[in-house]
Structure formats: C-alpha cells, structure tokens
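Please go over the structures that come below.
Next come two complexes built around subunit A: one with subunit B, the other with subunit C.
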Partner chain A sequence: MLRFEKRENVSLKLRIFISVISVLAGLIIGAIAILLARINPLTAYKSIIIGAFGSKYTLTETLVSATPLILISVGLILVFKMNFWNIGAYGQYIIGAIFSSYFALFGPPNISRFLLLTIMTFAGLAGGAIWAIIPAVLRAYWEVNEVISTLLLNYVALYILKYFMYGFWRDPTSHGFPLSKPFAMNAQLPRIIPNSRTNLGLIFGIIAAVIIWFIIKKTKFGYEIRVIGGSKEAARYAGINVARNMIIAMIISGALAGLAGMAQLSGVIHMLQIEINPGYGYTAIIVAWLSYLDPFAAVFVSILLGALASGGYQIQITMQVPFGIVAVIESAILFVLIGSEVLMRYRISFAKGRA
Partner chain B sequence: MSKKLRVLIVLLLAVFVSSIFAGCAPKQTTQPEEKIKVAFIYVGPHNDGGWSQAHDEGRLYLEQQLPYVETAYSENVPEGAPCEKVVRDYANQGYKVIFTTSFGFMDPTLNVAKDYPDVVFEHCSGYKTAPNMGTYFGRMYQPDYLSGLVAGKMTKSNYIGFVAPFSTPEVVREIDAFTIGVREVNPKAEVHVIWTNSWFDPALEASAADTFLANGADIIASGVDDPAPLEEAEKAGKYSLGYDRDMASAAPTSVLTSRIWHWGIYYKQVLEAVHDGTWKPEEYWGQMSTGITELAPYGPMVPQDVRTLVDQRKLEILNGVYDPFNGPIYDQSGNLKVKQGEQLSDADKLTIQWFVKGVVGTIPKSGS
Partner chain C sequence: MGAPSSQVILTMLLSAAIRSGTILLYPTIGEIFTERAGIMNVGIEGMMLIGAFFGFIVAYLTRNPYLGFFAGMLAGGLSSLIHAFISITLQGNQVVSGLALTIFGGGITNFYGQHFVNYHLSTSLKYIAIPWLSKIPVIGKVFFNQDIIVYLSYIIAILMWFILYKTKVGIHLRAVGDDAQAADAMGVNVYATRYFWTFFGGLLAGAGGAYLTIGYAPFWLDAMTAGRGWIAVALVIFAMWDPLNAIFGAYLFGSLDALQFQLQAAGTTIPASLLTMQPYLLTFIVIVLATVIVRLKHIGVPRELGLPFSREEKS
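Up next is the complex of A and B:
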C-alpha cells in the first residue's frame, strides 16, 4: 500500500530538486511524442524557447499571452489563501468582457478615449465581481460547495455570451457570423511597447499583483484571510466574520478576472466574439498553484506559461509540428509539474497493511 | 517566498536551456535560391477529410506546380485571438503570402495586414479587403444546385436534411441553390436545416444527422467541414451528399455525389501574380467553369437518366447560359424575390440572408 504522510516544512532545496526533476520528466514525456512525429526533440525545445523569447517580437507576444494569466491568477491567490476554490474565473472573465463591451459598442461615440477606457475598466471589474458574488454568497450563507457552483456558472456565462453574439449584439454587417462590431480606437487600450500587441493590460496585471501582495501581507483583512485559510473554526472563535471576508475576497478575485476579460478585448481582440477565452481561467489556477500563492511569483509563472503557449504556436510554424504534438508537450509538462506537488506536500512510502 | 521562487525559476530555465543546446550542433541548411514563403491557416485539422483538407491539397498542388514556392501551415487555429497571433507570427517570420481559410479569420487577418504592408494576405470567404489583402471564393452554389437535382430525383420520403454550420451568406446561398435544384425536379420535397454553429464538430454534426434520420430523412446533405453526417447516413442505409472533397471513400454506399473545391487552381494563380509582381487585391469569386468548384463523380446508385439530366444542366452552367438563381424565385413565405427573366445579382448573392421556398428552417436574426 502507498502511504501519504504530510510534510511539515518543505525545504527550498527539496522544492528545487522536485521541480527540476518534474520539468525534466515532463520534457522527456513530451520528447517521446515529438519523436513519434519524427522530429528531433532537442531542436523542438530549442525552437520553443526561441519562439517565446528569441526576438523582441516573440518576447512581446509572450507578454500578451501572460497578461490575462497574471490578472486572473493574482486574484485567485487571494481566495485560495482562504481555501475558497474559485474555479469560475473563466465565467467571471466572460461577464467582465460583456460588461465592458457594452460601453465599447453602445457608449456615446464622441467620448474621450481616457474616459471610455476608464468606464470600461470599471465595467469589467464590476462584471467579474457580480459573477463572483453569487457563489460566494451561496457558500457563505448556505454552505453550497463553491467548486461546483463556480464551475457551473462558467457554462452559464458562456451561454449568456452566446445569447448576445447570436442575438442582438451581432454586427448586422457580419453576415450572420457571431461577431460584434469592431471596437473603435477610443475603446482600445493603448499599446505600451511600440509595434507590438503588448498593452496596458500588462501594467494592470503588475499593479494588481502589488495590490494583492499588499492586501495579504499588510492589511488586517489579509491577516484574517490567512487565519480563515488556516482554520475556519479558529477564525470564527477569534471573532472574524468569515462570511463577510469570503464575499469581499471573491469580489476582488472575480473583479480581476473580469478586468482580464476587459483587457483582452480592449487590448488585443478589439471586438466581442464567442472565442475570447481559450481557457485562461483554468490555466490561471495552475499558475496560482505553481507560484505557491505568491502574487509576484505568479507574475513570473504567468510569463513562463505564456511562453510555453506562445512558443508552442511558433514551433508549429518553424518546424511544422502537428497541433496535437504541441498540446501533448504543454500538457505533459504541466501534468508532471502538478503531479510533483503531491511529492512536495506529502512524503510517500510503501507500507504493508492498511493505508 | 518570491525570491526563492525566482531563484528556482532561473535554475529551471538554466537546466532547460543547457539541456537543449548541449548535443545540438548548429545545422546550416543552404538554399540555392530565395523561395517565396507561403503560409496557410486552417480552422480544423489539415486532414479533416473536408474543408481544411481541400485547402491543404491546394497547398500541395501549389508546391508541386511552382518550384519557387515554399509552404507551411498551421491547423486547428481558433477563430478568436489565437488566429491573429498565428497570422502575425507568420508575417513576422518572413512569410510573403498568407492564406487564411476560414470566415472568422477575416478581422484578425485585416488587423495583421495593416501592420505588415509588404506581405500579401488572401482571406477565403470574407468580404473585407485592404491594399495588401484580397478575398477569394468560388461559386459553390453551382455544384450545390446540381447536387440538389440529384437529391430531388433520388429522395423517396421527400424529406432531405441539411446539416449546416453558420448562417453566413455562403451557407444560406448553398442551401438555397441546393433547394432550387431539389424543387426543380421534385416540387414536393423539402429541405430541412439544422445549424451546428461550428465549422468542425463531428459529434454534434452526427447527432444533427441522426435527428433528421429519425424524422424520416432519406438523404443527408452536409455543409460542414468533415464527413461525420455522411457516416451517420451510411450507418442508417440512407443516401448523402458530400461537401468540400469527394467524400465517397468516407461513406461509399451512401454518397450520391459531392460538391468539391479545387483551391490549388487559385493558389497557383495568386503566386504567379506575386512572383511576376502583378498581384493586386481583388474579390475573386470563381465560376465553376474555372475549375475551382466541381461536382464529384456519381456514386454507383445514381441511375443513368439522373446523370444525363444533371450533366445537361452542368453543361449549361459551364457555358454560362444557365444560373441557378435565375427567376422566378420565391422565398419561404411565397413572396416573389426574383422575377421571371431576371437573375439575382452577385451583390445580392453575396449577402443573401433569406431562404427560398422549400427550405424548412429559420435564419437567426442579427440585431442592433
């Protein structure tokens, strides 16, 4: 029988050791898939790195991929700290995108860019927050399992988006295709690196990381959240209002996911459509986890996962690797990294008898 | 915590990078002459058995025909933000001509075209152009109409199911032309439509086909990117009509014929123009007579009299004396849309958003 024994303190040395081993294991599994496609895995991996960091262009594209991950993951960190499992960033992102799109599509046409973008930013925050309040309240007052409620609300959000896109937000000149009108220039976030798609959303993400770090480390609210995460009973005993803190934390977490939706539409896609969210909400969970719930680490992990995605697109081009192989490499690395978490948190031994 | 993590990340990267560069001697590939690099973006897999594969066959034809061309493709590219990234990546990598082969790639292609004025962009099935971006399509409605004649003759239950992706004018036009063909030889037959709202979703397409079959359809026509609906018809022992490529091999006892694309003809034409420096953006909409669209060989179950009838009409279309959208044409509710002796204009064909009489189904409304 396998026996799992919880580790009390994980030394940095062990952490590095396990992470290195697991990345290598992921790379080896990926290499097998690449070999099956009759391509030299070393060349493929080299191309991923070059494709993610090799030039100014690819570097800026990596930052574009990382931006929504940063915004969502730092928000998730806040609620994960209190053991509230928000799986609903996907839906909060969509609702934030819909809210901000309303002003981009139907706002007064001659409004200044600064004002419109400010309104859209707050609309995105509000949309995500509203979508996050629902499961938070359900959990806080009726003990409804938030994993289930946030996950299911993702589908509701997607169908709301479809309702708008197949209905009255569809551009009449789109010939029946589910696309909104393109956003006008004054609804587009400015680019922060010339001749690239890297936009103000990245700055939003970094500011969000600083704020979340500050909240967790320097405020009473952050302290209470950590206490709740340690033990809800202890927190109640200490007179902490668990329900209130839970709802506030979820509002912040959802708002940041909504802001990610706004930033992606306004900064990159420039129109509302159904395929605005290739799973950022789920990837961000991995980011939060891999960064040990540290907001600054999350920024770096987001960039690394952004690089993996961005470089993955590049090797399709430079090496003509089939799409499936790229997905296998990415998932192999992520899977092993996540799996290594078990090793990190538990000591595993073989034992006879009952486990 | 964050500091430790940073150390860890740097370490990981170092291991990662060094393991790659070790044992990887720089390899120099020498090229005798500078080839024109051409990229293709597909919405589905390159071997989807339909739409994307038809484009990929066009790509291979192009490579084989023109020695000065070098091609690459990306497959399974979603019609959202990722598409723009892929197109941009190609433009940035020195690709000189980029073909984007799905309707939803239109705006992303346009966005990239603005930033790369020296690259030629060609978008399939859309309507937006730029000084360095053209659009291209073929008059598939002509083979659609011909296959409608076959279906009208072959149906016994007078219930034909059409598995359709999006209600874009392209697809509405297909269904209309098909139905015009069906009703010309069989005024009692009806063409029922189910939208899958996806170009490539074999599971959903199969269940749409099953719904038709359960309701009494004896012919399934497909307007989606792969042969899934045809395979369902084959299992049920019913007939079907393929799309994009000759789909007879996917459902040999079921496929009456297929409406097929030969994109290579156009790709060659574009690349020759680029090579000669005569390329200009245009809105290309090739006639069946150019060979860009075609009706595949008939299945063995199609009797000689049907073949003779259809071949006769085909000849008239190829010679330009007949068009499926010649009047009189009535819409679903019986209003006369095209008068006797007139023809629906190209502009109206390209934006058509109404069904002809004989279609059972609705086109979702666009708003605002």
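Up next is the complex of A and C:
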C-alpha cells in the first residue's frame, strides 16, 4: 500500500525534474507508438529535431509556432491560477482572427500601416475578449460549467468562420476555395528576422508574458486571483469579488488568444482561411501546465512545444508520418505531468498493510 | 410513383434521429455513472474516437460488425483506465486528465487511422423488426425497426436507471459520489467503486463511438466524432444525472442532427455551416438553462464530483 504524506513546499529543482521526466516519458510513449507503425522512432525524432532546429530557417519557423503558444498560454495561466478552466482559446483565437481580418479586408485602402495594424490589434483583442466574456459571466453568476461552455463555443466559432469563408468573405478569384483576398502590405505585421516568417507577434508574446507576470506578482488583482485559486470560499470571506475578478481575468485571457489569432493572420498566413491553426488553443493548455503556471517558463515551454509542432509538420511532409503523433506525444507528456503532481503534494513511501 | 407521403418522410427522419441519438445515448449514460461515483471524465470525445476507430478496424478486418462493436467498447474502456489511475490513485487534476485523454484519442486515431481514411465497411447491421411492436403506426417503425445496438441501448438505459435507484449497488454508488468519507465508513470500497464506474463510462463511450463507425456511418474519417463527446458531457447536466432523462436528451439532439442532415440533402438555401452549428449552439443554450434549473431545484448533482478521495486525509 502506498502511503502519502503531505509536503509543505516544493523545490524548484523537483519541479524542473518532474517536467523533464514528463517530457522524456512523453517522447518514449511517442516512440513506442511510432515503432508500432513500423517506423524507426530514432529516425523520426532525428527528423523532428532537424525539422525544428536544423537550419536558420527551421529555427525561425519554430519561433513562428511558438508565437501563438506564448500569447495564449500566458493568458491561460492567469485564469488557471484561479481554477477557471478556459478550454475555449481555440474559439477566442478564431473570433479574434475574424475581427481583425474585417479591417484588413474591408478597411479603408489607403490607411497607414501603423494605424491599420493598431486597429487590427485592438480588433483581435476585442474579438477574443467578447468570446471569453460569455462563458465567464455564465460561470460567475449562474455557475455554468466553463469546461463545457468554452468547448462548445469553440465549435460555434469554427462554424462562424466556415460561414464567412464559404460565404461573402470568399475571394471571387479563389476558384471556389474557402480563402479570403490576400492581406495588403499595410495589414501585415512586420517581420523581425529577415527572410523568415518570424514577426512582431513574438514581441507581443514576450510583452504579454511580462505583463501577466507583473499582474500576478505585483498587483492586488493578481493577489486576489491567487486567493480565489486557493479557495473561493476563503476569497469571499475575505471580501474579494470573485465574479468580477473571474470576468476580468477571462477578458484578458480571451483577448490574448484573440491577439494570437490576429498575429497568425497578419504575421504569417496573410489571409483569412479555414486552416488558421486554432489547435494552438489546446496545445497552449499543455504549455501552461508544463510551465507550472509561470509566465516566463511558458515562453521557453512554448518554444519547446513550438519546435515539436514545427518538426511534426516536417516529418509529415518528408516521412509521411501523420501529424497526430505530435498530439500523442503532447498528451503523454500531460498524463505523466499531472500523474506526477502527487509527488509534489505528498511524500510517498511504502507501508505494509492498509492504513 | 408519387412523392413519398409526409408520414413516410417523418418516419424516416425520426428513425434516423434515433440512430444518431444512440451515438450520444451510450456515452451520456456512461458519464452519468462515472460522475455519480464522483469522477468527472471530460475525455469522452477521445474515448469515443478510440472506440470508433478500433471498432471500425476490427469490423473491417473480421467482417463482423458485432465483434467490431465489442472491440470498440473495450478500447474505450481501456482508455478510461488512464484517467481512472490518474484521478483516483494519483489524485491528479481531473479536468486536465480528461483533456489529455481527448487530445490522446484524437492523436492516436489520426496517427494510425491515416491509412484507413475513406475505407468503407462491406457488412452492415441488420434491421430487426420487433413482432407486433413494429406494427404501431410511425412509433413502431421509428423505435422498433432498428438494429440490435439500438435495442441494446434501450435495455441499458432502463436497466441502469433501475440499478441506480432500486439496488444496493446504486445506493453505494451514489454514496461514493455524494460523500466519500461516509461511504467509506459504511464499508464501501470508494477506490474500487470509482475505478469500476470510470471503466464503465469508458466502455459506453467506446460503444457510442463504435456505433458511429459501424452502424451510423460505416466508414472511417479523421476526427469523425466531431464534438459529440462534448455534447454527451453537456447532456449529463441536461439529464440531471438520470439515465432515463438521458434518453430524451440524446434523441432531441439526434433529431436535430438528422434534421440538419436532411435539410442539407434536400438542398436548402440555409448555408451548411449554420446548419451544422446548430447542435453545438443548442447544447450551449441547453446547458445554461439546465444549470439554472439544477441550481434552483438542488437536484441530481453528485456533491463530491471531481474531488479526489484519500483514506489518509480524514477531516
């Protein structure tokens, strides 16, 4: 029989150790899955690493994948701190992308680049925030389960996007493909590394990480969020307005997911289409968890999982290994990680007989 | 030949609604029991995909859809044990574990399923008309001229209602979900109960997924459950944790699915994306309403849902 004893505090060393073990375990489980498909896992992993870090260009592509992960995950950290499960970054990302595209596609044509990008940035933030307010208010006042509501709104957002793409936002010259007109130059975020797709969105992400760190550590709001995360009852007893804090935190989280959608379109894809990679919204959950809800750790973990995604695309093209393997590895990492959280809460020893 | 009468169309539509609803009914009943035992498993979507895929593969290879159904069920059950181990033994976060299960199911079926995309089953389930019941106008054809997996779902729904409210097993199960410490004191094995019903939830999620690929749409497509697992999670609230209510919920959504499909087939001018959106939008509205009703009436909700139990930490 396993015996659990409560631990008082957890050293950083133990946390890092568990994260590293989780990633290794995830890679081993992924390797077994690859082996069962009669592919040499070492070759596959080597190709992922080369695909992610092998050249200057692939390295910049890893940063491209990391950009939305950073923006979304630091926002999720804020709401996860208060035990609010925003699973809806997928939808918030889509709505942010749609809002900002509206100005790119139908805004005044001769507007300056700076002004248009500023408008698009705010549109992306607003779109994500609006999509996040709905489940936040429903949770705050009526206790509607936010896991289910945010998730269902993801599908609603996806079909709204499809509605636009198969409807009047489709470019008449796209030969029936669900693509919008390409964005003009003044709707494109500047690239920060020459000859790459790495764009200003990455800087947005790093700024967001700093702001979220500041909010959590240095403001009254951040303090209240941590108290709510500890116990809602205790927070109410201490006179904290739980509902209001929940809604504000969700507005910030949704806004950052919406900004990620904007940055992906304006910085990378340069048009609205159905394939705008909202799946980052789910991967970012893993980032948040793997970084123990620390915004700076999230930047590094985003680059790591960005590399996995980027390398995963590469082996799909070069080795015909389906992209699902990335999800298998990611979920295995997550399983091991949450499974090992028990190590942080308790010291475990073997005891004879039942307690 | 004249145009089919409106009664024939209605019968066809409702009969399709039952089959579509069956895909939801299995996992909804399963999750009701998992949650009744105090474990929240939001990984239904992943378990359904696993059930759909392995059910399809076994049915394809053996040419026996029934064998496929059981294989899918078992695969769903086995996958739920990951969640059971993490949430019961290791007391990990149940929401995150369920999400991981969803991501895992999507990933593993995409990875191994690539090769089978657009493969079709050559064998299909037989419709069996129940003597004299199937002769009742409309209702007979709708409910009693179906395949055996649909009939099995009727039996399971009624049997599980009976077990939940009328047997000792049900009393113990509810005790574990409402107050694990008290159940433990009564001599109920909380861990075993939770493991069993989490596994049961996985079996039924697998069954729902397998029915999708074996009965409803006998081919394989990537991510073909398309969010039905999440609708099932929501239907648990709609059903207020009662298996009989789950029947109504599942068929309501089945009807909506069948209707939007028929409208698209009939060439309506409403854009397809708006029609396909309806089940998700309606589920969203329904869980908001159901939550408000549940709160006003204080019914159904297992009081310790999602809380880990540890014998060591008695308060």
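The rule is simple: the second predicted complex is superposed on the first by the 278 of 355 C-alpha atoms of A that agree within 3 Å, B and C clash if a C-alpha of one lies under 4 Å from a C-alpha of the other, contacts with A are read in each partner's own complex, and residues count from 1 in each chain.
In the analysis below, contacts are C-beta pairs under 8 Å (C-beta built on N, C-alpha and C of every residue); 3 or more make two chains touch, one makes a residue touch a chain.
This structure is a prediction, so every number in the text was calculated from the model and none was measured.
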{"item": "First (subunit B), second (subunit C), both or neither touched by A:119", "value": "neither"}
{"item": "Contacts of A:144 with subunit B and subunit C, given as first, second, both or neither", "value": "second"}
{"item": "Touching partner for A:331 - first (subunit B), second (subunit C), both, neither", "value": "second"}
{"item": "Partner chain(s) touched by A:76 [first = subunit B, second = subunit C, both, neither]", "value": "neither"}
{"item": "First (subunit B), second (subunit C), both or neither touched by A:87", "value": "second"}
{"item": "Which of subunit B and subunit C A:276 touches, first, second, both or neither", "value": "first"}
{"item": "Which of subunit B and subunit C A:155 touches, first, second, both or neither", "value": "second"}
{"item": "Which of subunit B and subunit C A:171 touches, first, second, both or neither", "value": "first"}
{"item": "First (subunit B), second (subunit C), both or neither touched by A:97", "value": "neither"}
{"item": "Residues on subunit A lying within both footprints (that of subunit B and that of subunit C)", "value": "166-167, 322-323"}
{"item": "Subunit A residues touching subunit C - in the complex, by the definition given at the top", "value": "3-4, 6, 33, 36-37, 85, 87, 138, 142-145, 147-149, 151-153, 155-156, 159-160, 162-163, 166-167, 282, 285-286, 289, 321-332, 334-335, 338-342, 345, 354-355"}
{"item": "Of all residues in subunit B, those that touch subunit A in their complex", "value": "1-2, 4-9, 11-12, 15-17, 19-21, 23-24, 39, 45, 72-76, 78-82, 84-86, 88-90, 92-93, 103-104, 107, 111, 115, 127, 166-169, 171-172, 197, 351, 353, 363-368"}
{"item": "Residues on subunit C engaged by subunit A in the complex (per definition of touch)", "value": "42, 82, 85-86, 90-93, 95-97, 99-101, 103-104, 106-114, 227, 230-231, 233-234, 237, 271-274, 276-277, 280-281, 283-284, 287-288, 291-292, 295, 310-313"}
{"item": "Complex contact set, residues of subunit A against subunit B", "value": "12, 15-16, 19-20, 23-24, 27, 40, 42-43, 45-46, 49, 57-58, 61, 64-65, 166-172, 174-179, 182, 195, 197, 264, 268-271, 273-276, 278, 291-292, 294-297, 300-301, 304, 310, 313-314, 316-318, 320, 322-323"}
